[in-house]
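Look at the two complexes coming up: chain A is in both, with chain B in one and chain C in the other.
On to the complex of A and B.
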């Protein structure tokens, strides 16, 4: 299907140059902008998450964490993740101030040594907590991070989806491109394919169990990232989420790390 | 009985020819299905215990197929701006290698530095600006002091660096995948070589080895098969004194070859380092049948027979010997079925099939060709007088021959013990091959190719965080480093120590293991959070963190030393940390064990083959006594051959362990021909000496010819890029040559003694 789609896409490039090209880019950006706009204004949230890591042979390991998130207008969102399981790492906390165009700020607090360390790294392409999700998959969706291109429409399950190509602007991204299927009704990502820097398919993401919060915000309760090259996979399960719990920027400063329990 | 149906064949040549043509066509249609396989796993059966351990290790931890590129500036200086830039660019380009998941070098090593409360994680060699002398000095200091890099990706003297590409092959079409990787990587090297002419590039690693196995096998086909054709052409033309007879033989060889390889295709047997020998060996063996038939025909023509009568005479004389020798040869090759190595089994089965097909074509197709082609009688007075002299000499010196050969056999029995089993994949390649040179260079200047993975299991989830367990791992890795065979150990405890130091403002006093379970777990969490793209802890920790893997890089060792180190490691853990489980596995270990396992199974089947062949001989010769005497010429060549080998080389690899069985089937042929003629003469009432003399006359020339062809055939294998094949060729050629000498000197001497006439005066009369 994708192949067919791509061949149609390449053919269209041949016959209708510049103008059509321009509209595909514009349309891509328009879809992404709508997607972003529909998700504005949620304020802050608290969620309980379960992460299931799976080897190619199906052996599993489970991690539990709580995540506090704060929407920041005009900058990237802030998030604080507190680890509950495995027990040996309970109380460890990870703070991220994400930024659309410059490096994210990251701090890690380790309770056993009672120390906080800022981790200065360009390592956004690295795995998040040994999972198949990378940091860049976990941080907030910002328009400035990608160049978009509309590739066409396609059925995705019951729904009809826009197929959107996202090319990371940052050269430190681990991806050459991401192809996302976004449903036309609510602009929610239904699935995505991640291509590595040699343009080979690296991972596929499937997103399930969307639920509506505050009558406006859709949140998926299950994300599955499957590494096509190693056969490993990770399930990210949202067990519960509460919005507008009254968190402020003060709950996301470095000092808050050590208070977090 | 024989003439009845062989004559029928001669009477309806077109039908027989059509049948042969059809058979060849149907069988050779399978040729299209033939393919090459070069991965090292073809040496191991699915239930091989070392392979199972290796696979278990790969289930628990990441699979580690790799390509290692050695970068060696001729002036031995890595730490200059240009060379670091070269490595950085190579590293960058290598990410484009198909199926690559990770590229590691000193330039993209994630160096962690503690500055105040910040942990700075960055590439050791940054891309942006040209490097100053101060920065280069800092990079050098970090690289040469980092256990993860030193002696792994950078030589301790800074003369050679390496880039490691980790790969995940989908294993759909392994041969093509390996080829893709090899071509992509060597293209990068070739391009950078142009820009940096004073730097040499070396390619090694598992993928390079798999590529070398496949490409050297193809080389063998391209190089050896034409050489073989040429050798046979020359030898045949010279010995048979007839272009047409050589041509007829060639037709038999080609049809046998096409049919056999076609059957291989139909059966799904692939071409490998072992099965590429099938064409060469088969050509050699097919020649022998034809030579006997043609020689007899020429003999009959010389006697004044008509052509068809001469063919008929030849078939009558040769039907049984050709059939029996083919069956015994096939039995010899079928003993390879008891080998531990699947590709050696394929070699045995294919050759056995081919030998029987060659027998069929020699008895059915060849006579027709001989009828149609112009043939002339060949008599060679000179050869006859040589053989006559030899016979007389043997009869005259029989006493001396018996004693000296008996002494030689005893001596060689002693020399047998000098042979040691040794299997190293590196040593399978001739020193001139690219893979071997790359490996030898890298071992000498940076890091060995051989490694062992050790998995230490704590027995409980998250058990690796236990301080006691970590100290056991550290003690074990220290012990490994103290072993003379070990170059480098990659261990989690080095990472733990470094993290502890990082967490305490890079204070060297904290370069030690964490003190509590929580501390260890949280350092690991921090480490996990800072890992770059394509890297996770899974190559050192299993998923529930109950076990950790240590990788010991070794000097290129013999298999004895390797298994010895393995058992010492087990002993160490058994003795000091009996509460933990140790498992060892690696490709090198698999090879180290296969030689011995293979030898053990081959030694068990050898007596079986010997008994089987002797029984066939007893029945076909119709004499228990002669059957038992045949044991002498059948056993002595292998004893002498392996004895001489022990004296000269003394190393037995898995290909050599099958030589005894394989050569047995071939050398039996000489015995059969000689004893059959001897028996024939005896049954016509000739005395022992006369019968020996008759046997010399009637088969002496043919035996010399076939032996010469066989020695040439197996001798050609000496030019193989594989020591497996060249050693096998050399030893088999030696044994076949010894067999001829034994058949012409020792066997008659023994017959003269053991099959002596009761009537003494009769003996003296003829002598």
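On to the complex of A and C.
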């Protein structure tokens, strides 16, 4: 009897590698789920942002915008971005209703012709405002958009991070995978590496200056995206952010886009 | 045994009932509760604003907050959920102002809080990190009448503690943007009226907008001035926008002058009839004149409905033959004839309904009043008389998003004076991202234009095909091009070709290029009169 039990024990050991594989996926999803859960309940926000675009030669160019965001339970978030600089696009407003599994709905309001245009949004790999951030980097983080795998723990600065592999589910994504370093204390992305469709390193993201809001939500005030293939880089600087300003879904309706100022 | 089962069942039932009752009238606070989340959970519907919910919760549960401070929600407290009526008892505007005041008070402590050890009894706070400063002499909210603006403000904290906590008087925001344009046009030949080959235009445009702090009131003022070096008929002083708008919950009202756009297609805008076109600005028919109006909008889950009353009519502007890109004879506006006995003061009426169904956008519209497009009748004095007939138009516009494809359709049925016809424009726009190994976007546009009047149509697009390519380089200069060909399918020799391009020179200077070729050998064709007006224009716009 004891012998039989022992043989079962040994047999079960044989299955451990497969089980470990399973655990890495489960653990990856668990980390991402915790990351998402910690960011629930913020309601709505208004922020002022600055983008500094830098060429490989170091020439700089500045973009300014204001973003309103609304958390949507059970669907992707909504966001409305109004551009302030460069001055020739001032007043243009970009509205996104993001969705976890289907294509986002996007509209662009052009004040010069007072026209709201719908945008075909299947392919979000294009650059946002000529920066090193792609449209897909700017949309809300949803669990359904990726398959996750836990790769291990690593030091990241003074913190210890989970290393998480994210494989986009969307075949129109510009990335084959993203490796993210997420700190274990607060589940904040500290840095990330983006790999292109040929599996070559395309961009690296470093995230700095996290500040705590509403005693609960961490927001980074500086994100730097470096294109490793072209040498260009973009700083995305969050100048200010206010939460729970009383915005409702009505402010993110297409019909309200033309009154964005 | 049977009895005890019965008792247990009863017990379970009564427990369930208790739970159900609790879910609707009471909420308890645990470590994960924030007042905002709780408010979201108990908010009855969209008619009640979040500040109203938060205010009612705060007002009806004085014991749930330490020192009645909104920022200190006590752990383990049980909050009574006020009724919808109680929430609505405080006008949305007052609740909003009160809420803003509370929000302003917690702006500074946001940073201080991280340095402060958390108070043991205060859990995740309602509006932000707990205030690092003790709030002096709070007023018991429940004992006060429901006037948050009058009752809620607490004594101002002493400046020595934190000056940033002084109550902020919420004021509106105003914005001003202006642009100055210089355009140089070069024509290929001297034209039918032997006009000059070179023309200069100057233009000024501004938009001043104001939004009240409560975001209910909006004012817009947008003047537009244009000066044409060789054609006084092309000069213009216009108000593109000059209105006041009130935004309510689910509805809005606008009074004043505005310029609006209806429709989806690129090569022609059939549905878009609210504003008069400004032909002197260019043959594209994209420029318009401001239209005086009263607009009432109702929007909700069932779609958006707009009602317009248009009390005054703007006549169409035409350049003179000297100004080129014009009808063959000068238009004499003094001879303008109206079918309506009220003339320019005819009370026009319009209605538009729009709704979205997943990837499909639908628009239905109706217009009744002075036709914006006059019939031009030659007089004995070699002039053209504009005749404005009454018009009734039913319009439909559809847009369907399918991956990288946008399918578009605009169709109208119009009854006006001698005409009773159907017209339509339909086609697609397909965009590819990252073409030629660059981060460029290339869009393909194809549209078919139909008009049941055939050759009697007053616009070029009666049986025409439009092909266009739009290229955006996605570079720092924002470089983009559009190339399009409109080919008449009835007359092989009739076509127009346009080229547009633009790029940013500095952050406040944009250079654009605009060119047209017109080809036609049929005097019945609207394009025939433009056949010697091929031109290229360079425009420099300074934004400030």
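The definition used in the following text is that the second predicted complex is superposed on the first by the 245 of 261 C-alpha atoms of A that agree within 3 Å, B and C clash if a C-alpha of one lies under 4 Å from a C-alpha of the other, contacts with A are read in each partner's own complex, and residues count from 1 in each chain.
One rule holds for everything that comes next: contacts are C-beta pairs under 8 Å (C-beta built on N, C-alpha and C of every residue); 3 or more make two chains touch, one makes a residue touch a chain.
Every value quoted in this text rests on a predicted model; they were computed, and no experiment measured them.
Peer 1: With the two structures overlaid on chain A, would chain B and chain C clash, or do they fit side by side?
Peer 2: clash
Peer 1: Which of the two partners, first being chain B and second being chain C, lies in contact with A:198: first, second, both, or neither?
Peer 2: first
Peer 1: Quick one: classify A:111 as touching chain B (first), chain C (second), both or neither.
Peer 2: So A:111 meets both chain B and chain C here.
Peer 1: Regarding the shared-chain residue A:215, is it in contact with chain B (first), chain C (second), both, or neither?
Peer 2: second
Peer 1: For A:57, is the partner it touches chain B (first), chain C (second), both, or none of the two (neither)?
Peer 2: Only chain B; A:57 stays clear of chain C.
Peer 1: Would you check which partner chain A:120 touches, where first means chain B only, second means chain C only, and both and neither mean what they say?
Peer 2: Once the two structures are laid over each other on A, A:120 reaches both partners.
Peer 1: Name the contact category of A:229: first (chain B only), second (chain C only), both, or neither.
Peer 2: first
Peer 1: Quick check for you: in the superposed arrangement, does A:186 touch first (chain B), second (chain C), both or neither?
Peer 2: Neither: A:186 stays clear of chain B and chain C.
Peer 1: Name the contact category of A:130: first (chain B only), second (chain C only), both, or neither.
Peer 2: After superposition on chain A, A:130 lies in contact with both partners, chain B and chain C.
Peer 1: Which partner does A:86 contact after superposing on A: first (chain B), second (chain C), both, neither?
Peer 2: A:86: touches chain B and chain C.
Peer 1: Would you please give the residues of chain A that touch chain B in one complex and also touch chain C in the other complex?
Peer 2: Common to the two interfaces on chain A: residues 53, 55, 61, 86, 88-89, 111, 113, 115-116, 118, 120-123, 125-127, 130, 174.
Peer 1: For chain A, which residues are in contact with chain B within the complex?
Peer 2: Per the stated touch rule, the residues are 53, 55-57, 59-61, 83, 86, 88-89, 92, 94, 106, 108, 110-113, 115-123, 125-130, 134, 174, 197-198, 200, 229-230, 232.
Peer 1: Of all residues in chain C, which touch chain A in the complex?
Peer 2: Touch residues, chain C against chain A: 34, 36-37, 40, 46, 49-51, 96, 99-100, 103, 110-111, 113-114, 124-125, 127-130, 175, 177, 207, 209, 211, 218, 245, 247, 249-250, 259-261, 264, 286, 297, 299, 304, 354, 356, 361, 399, 401, 403-406, 429-434, 439, 441, 474-476, 478, 504, 507-508, 510, 541, 543-544.
Peer 1: For chain B, which residues are in contact with chain A within the complex?
Peer 2: Interface residues on the chain B side: 59, 62, 95-101, 110, 114, 117-122, 168, 461-462, 465, 503, 514, 516-523, 525-526, 528-538, 542-545.
Peer 1: If we count contacts the way the header does, which residues on chain A are in touch with chain C in the complex?
Peer 2: 41, 43, 53, 55, 61-62, 73, 85-91, 103, 105, 111, 113-116, 118, 120-123, 125-127, 130, 174, 211-216, 242-246, 248-250, 253-256, 259, 261
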